[in-house]
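This report refers to the structure that appears directly beneath it.
Each chain gets a letter, A, B, C and D, in the order it is written, and its residues are counted from 1.
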Amino acid sequence: MMEHLPVLVVIIPLIGAYTSLVGGWVDRRYAFPIAFINILTQFTAALLLTVRVMQEGVVRYNLGDWLPPWGIEYVVDRLNIYVLLILLFLSLLCCAYSKRSIGMEIEERKHTGFYTIFLLLVAGVTGITVTGDIFNLYVFLEISSLAAYTLVSSGRGGKGLVAGFNYLVMGSVSACFILLGIGHLYMLTGTLNMADLARVLPPLYTSTTLHTAFVFFIVGLSIKTALFPLHLWLPDAYTHAPSTVSALLSTVVSKMGVYATIRILFSVFTVEFVVGYFPVMEFLSWLAAIAIIAGSLLAIAQRDLKRMLAYSSVGQMGYILLGVGMVNQLAMTGGILHMLNHAVMKGCLFMVAGAFIFRTGFRRIDDLKGMGKRMPWTSAALVIGALSMIGIPPTVGFMSKWYLALGAIEAGQWVFLAVILASSLLSAVYFWRLLEYVYFREGEGGVEGGTGDVPLPMLIPMLVLAAACLLFGIFVSIPLSLIDPVAESLLGGV
Amino acid sequence: MEPLESPVPFIAILVPFCAAALILLSYRRRRLIEAYSLLASILTFALVLILLPRVMEGSEVTWSVLKLLPGANLGLHVDAFGLIFALTSSSLWIVSSLYSIGYMNAHDGHNLARFYAAFAIAIASALAVAMAANLFTLFIFYEILTISTYPLVVHEGTEEAMRAGRKYLAYLLTAGVFLLLSLLFTQHLAGGNEFTSGGILAGHATDFIVRILFLTFLIGFAKAAWMPLHSWLPTAMVAPTPVSALLHAVAVVKAGAFGMMRVICYIFGLELASAAGLNMALILIASVTILVSSFFALAQDNLKRRLAYSTIGQLSYILLGVALLTPQGIAGALLHIPFHAYMKITLFFTAGCILVSTGLENISEMKGIGRRMPLTMGAFTLGAIGVCGFPPLCGFFSKLLLAEGSVEAGAIPVLLVLLSSSVLNAAYFFPIIRTAFLDDPAEELRGRKEAPVLVLIPSLATALLSLLMGLYPAFPFLELATMAVRALAGGP
Amino acid sequence: MIEDLFPLLLTRYNYYMAVIIMMIGLYAMIAKSNLVKKIIGLNIFQTAIFLFYISIADVRGGTAPILIEGSNALYVNPVPHVLILTAIVVSVSTTAVALSLVIRIHREYRTVEEEDLMRMEGGSG
Amino acid sequence: MIWEFNFAMFIFLVICAIAAITVKNLLSAVVILSAYSLIMAVLWAEMNAVDVGFTEAAVGAGITTVLFIAAISRTTRRSRD
């Protein structure tokens, strides 16, 4: 069993998807427990895999015993396992959260389908993280993206549909670009294995074809990660999706784009290439810096809670890419750490937004007056999430800010330093407005059915994430022990 | 003597945090909340007091809480320098807990759990700032202090309070960013941020960088309310009186001034500071603040606002003292932390007493109030005399030391600033006393009596304490201050 | 001169063709307001990429990758073919999902024109 | 490989592609798209990718067209552009 773990983590949710479909067909109520147990099993498998990775360093698995570079190889190193654990942890919580929260937002007859697609999405993102084959990565990217389009449009009402359609169009274009990039790489080298590519590419670093491939990758991945000027699909998709899906998108789906970007930039093309031969990192960092500022400014302008969080996500993606783009150990650590942090904080905040909508139906920030008293636990989670987004110590948000800022000083990038520090003030502006409404303004009389907190299945994931915001902040050395070697190996001695 | 490993400082900080949690959990039961708050304050003070004999013996108490990030530990280190501030805030927390109970009873308090919890967290942060072993720890709790005092500022929930709260945050969060920036640079330049006697920056940076860094630190410690970054403080006076009293006369603003002292003495080091000419800039800023704020104070009719401007001026005494870079000056500055705290809290408490029993906030309406409330106004008079720096109150000693320090440093203009400031202080305090005692009571005040016991007792207690400390200044603060200065100078 | 250039262009013309068709598809996805037209554009775009892949695999004078006993024919590279088979499946599922969305959008708004949708959404909130 | 034939096919391909996105009747557009897929399939078969050619003929020209027609029959045949 143990030696098949890398492939098991992908197969479990695939099997689960069909089991829950069948289970849901027998009785609708079976779909959720099957899905939940499935992800739980998968998470356990991932934990076992973590143990192996910590022992062996890199775990390789050849699919169907075909040797690389001909067969598909699954490679799990520290970066993979780190991302995998984040994704599965968040998927698990989102799944738990969905039990009650989709009741209002998705028609009951669609629940079975919801969990099936949910599991397919999980299978897709898991596949992305464990695969060592670049075409396989594309296929999994498409599986999870297709599932994401469907989930976005699964809610009631038409806005989610249109948002889902636009997301689909943008996502497919980006997939096509990635496919083109892969084609160019294959044309040049005749291999699709990432490790193999990294080995055979260096003599070709000056080739125009390689540069073309690289540009295709960058554009395609930028759309997937919603890097600033290409983020247009994101706000609508996040806003109009059911709350669970918003949480899932902002934590899991966005992370997979970021992961793919880091993988392709640093494991396929190497630091040497992206810095020396095709100096794109400088450009990416500037773009990320603009994304941070623009995302925050746009978030300030929003009156809808989920849309505000969506724009803030645009900024936060910028944080991660800025950390990656500055190409030094400290900033890289900060960027990769921020993947965890952003998942935890944004997941928490989207769940809080969902809880408000669940209880009161209010989406606008102005309507949330006095929520602090009516939903104390939900609001407490909101406070921690918001403080973390602002980067108040000792929450997780501060830790990544610390590393990013130190990295910027190390790189001598004063503008980026200013951007990092200023953005925490900007996020203070919009999160504080939210807190002010929730806590320090009195609500106008009683609202129908608007008292009491949300049911426990929704509350617990939220509080777990809020606690994680604090715990990972205080015991930040735990994720760091995984990240430090990752950052080092990605930079490869630069 | 070897530093002593002991968890006592950590527990002293943990107690208020736990109290805050308990208070929030039992938010329905008012008496329980008050009891928790009072108990926690006594317990905290007792814990800090345990540290006192150790430090007086000359040993220092350390406790490394957690290795948070590489190169950034969360650690506590109690020396005479920090203990002065820690003792001040924790002892005053007891009286202001009592006072809060009385004040909130009289005021039909709402959201009490939030109020007391935030109060406890703020005190814990102030304590942690006092006992921080490194700049990183100081920064973390400095930020928590900012956040935890926000709910107190906007406690009333009025539109004015919200506006004040936004202003408060805008100033202090921006300051926090600058402090973070300075912290990052210190870390980058010196490779660490532990407070070390004699500084850690010497030899790591050019004079120019040091000056820039000094500027960012100064902006970072905007909590010290130096001009022109002072205007958040008078605005924050919309908060309930106990908050204005403890936080905006003691914990928050002193955290700023204290932080600045720490940084100058333990990060820059006195030699580097004088070599780079930092002291001149600080002397200039502090002197201007002292004089200008006094004039501003003269113009205020609202009593709490007048006190706020007076606080701004008095805080700059501390900055001025440290800027002199002489033993006497620093000792004076250190002494001014507790002494001003006791006197100013008395003044705020009495202002609150007047508000509770008569509802008056403006000085012009307080005609003859001293005849109706002799005890309250007696306490006020004591405090006011002390702030002006007249013997036998404690304010006299800190000012004396500051004056000696300025002579020692050969900075005669500073002496002039000190003297003229005392005159100005008298000019804005004595009209209040005259109005209160000599004018005929207004019609509306007929039948008004003394404030409720629970608010009156703390006011009297702090007034008496300021008098006592004036009579016996040696114990413990003067002792501690001399020890701190000796340690700085590198002596035994 | 021109005569020399012509064969050079001809040997690589399928790449240029692929790019031209790609552009047509991309144009449709961006500029067309009708949602079905967008999907048609997407299909065109995707097939153009497949064409590009097949062109990579093709070898001058090669033969289809079907193993014939005893011959040592020059085979074209089969790997891109396999990839494209996968990609075709992906593309058809994308089309299916997109079309189902279009059907539901039409049920909700009675229109499949993006301009109308934007106007309606702007009006309703 | 007969390049004249190929070239002619390409011209057809481009014409079909342009026609498919310009025709206002969606049903016609889909039929043209199916023709486009068939031409593509033929081209691929001719480029020694017989397997892909067949798949494209079945999936691209077949299933996709059916899907499109099903969708159009449930929505509308008219397009504004």
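Keep this in mind: a contact is a pair of C-beta atoms (placed from the backbone, for glycine too) under 8 Å apart; a residue touches a chain by one contact, two chains touch by 3 or more.
The structure displayed is predicted, hence computed values, not measured ones.
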item: Minimum number of chain-to-chain touching steps separating chain B from chain C; value: 2
item: Between the pairs A-B and C-D, the one where more C-beta pairs touch; value: C-D
item: Chain A and chain B, separation of their C-alpha mean positions in angstrom; value: 44
item: Computed distance of Cα centres, chain D from chain B, in Å; value: 79
item: Geometric centre distance via CA averages, chain D-chain C, whole Å; value: 10
item: Distance between chain centroids, defined by C-alpha means - chain A, chain D (Å); value: 37
item: For chain C, residues that touch 2 or more chains besides their own; value: 80, 102
item: Topology of the chain contact graph, where touching chains are joined (line, ring, star, complete, other); value: line
item: All pairs of touching chains, each written as two labels joined by a dash; value: A-B, A-C, C-D
item: Parts of chain A lying in touch with chain C, wherever the complex brings them together; value: 135, 138-139, 142, 146, 149-150, 153, 157-159, 161-162, 164-165, 168-169, 172-173, 175-176, 179-180, 182-183, 186-187, 190, 192
item: Residues on chain A engaged by chain B in the complex (per definition of touch); value: 387, 390, 392-394, 399, 401-403, 405-406, 409-410, 417, 421-422, 424-425, 428, 432, 436, 439-442, 474, 476-477, 480
item: List of chain C residues in touch with chain A within their complex; value: 26, 29, 35, 38, 42, 45-46, 49, 52-53, 56, 77, 79-80, 83, 86-87, 90, 93-94, 97-98, 101-102, 104-105, 108-109, 117, 121
item: Of all residues in chain C, those that touch chain D in their complex; value: 10, 13-14, 17, 20-21, 24-25, 27-28, 32-34, 36-37, 39-41, 43-44, 47, 50-51, 54-55, 57-60, 62-66, 76, 80-81, 84-85, 88-89, 92, 95-96, 99-100, 102-103, 106, 111-113, 115
item: Residue ranges of chain D in contact with chain C within the complex; value: 1, 3, 6-7, 10, 13-14, 17-18, 20-21, 26, 29-30, 33, 36-37, 40, 43-44, 47-52, 55-56, 59-60, 63-64, 67-68, 70-72, 74-76, 79-81
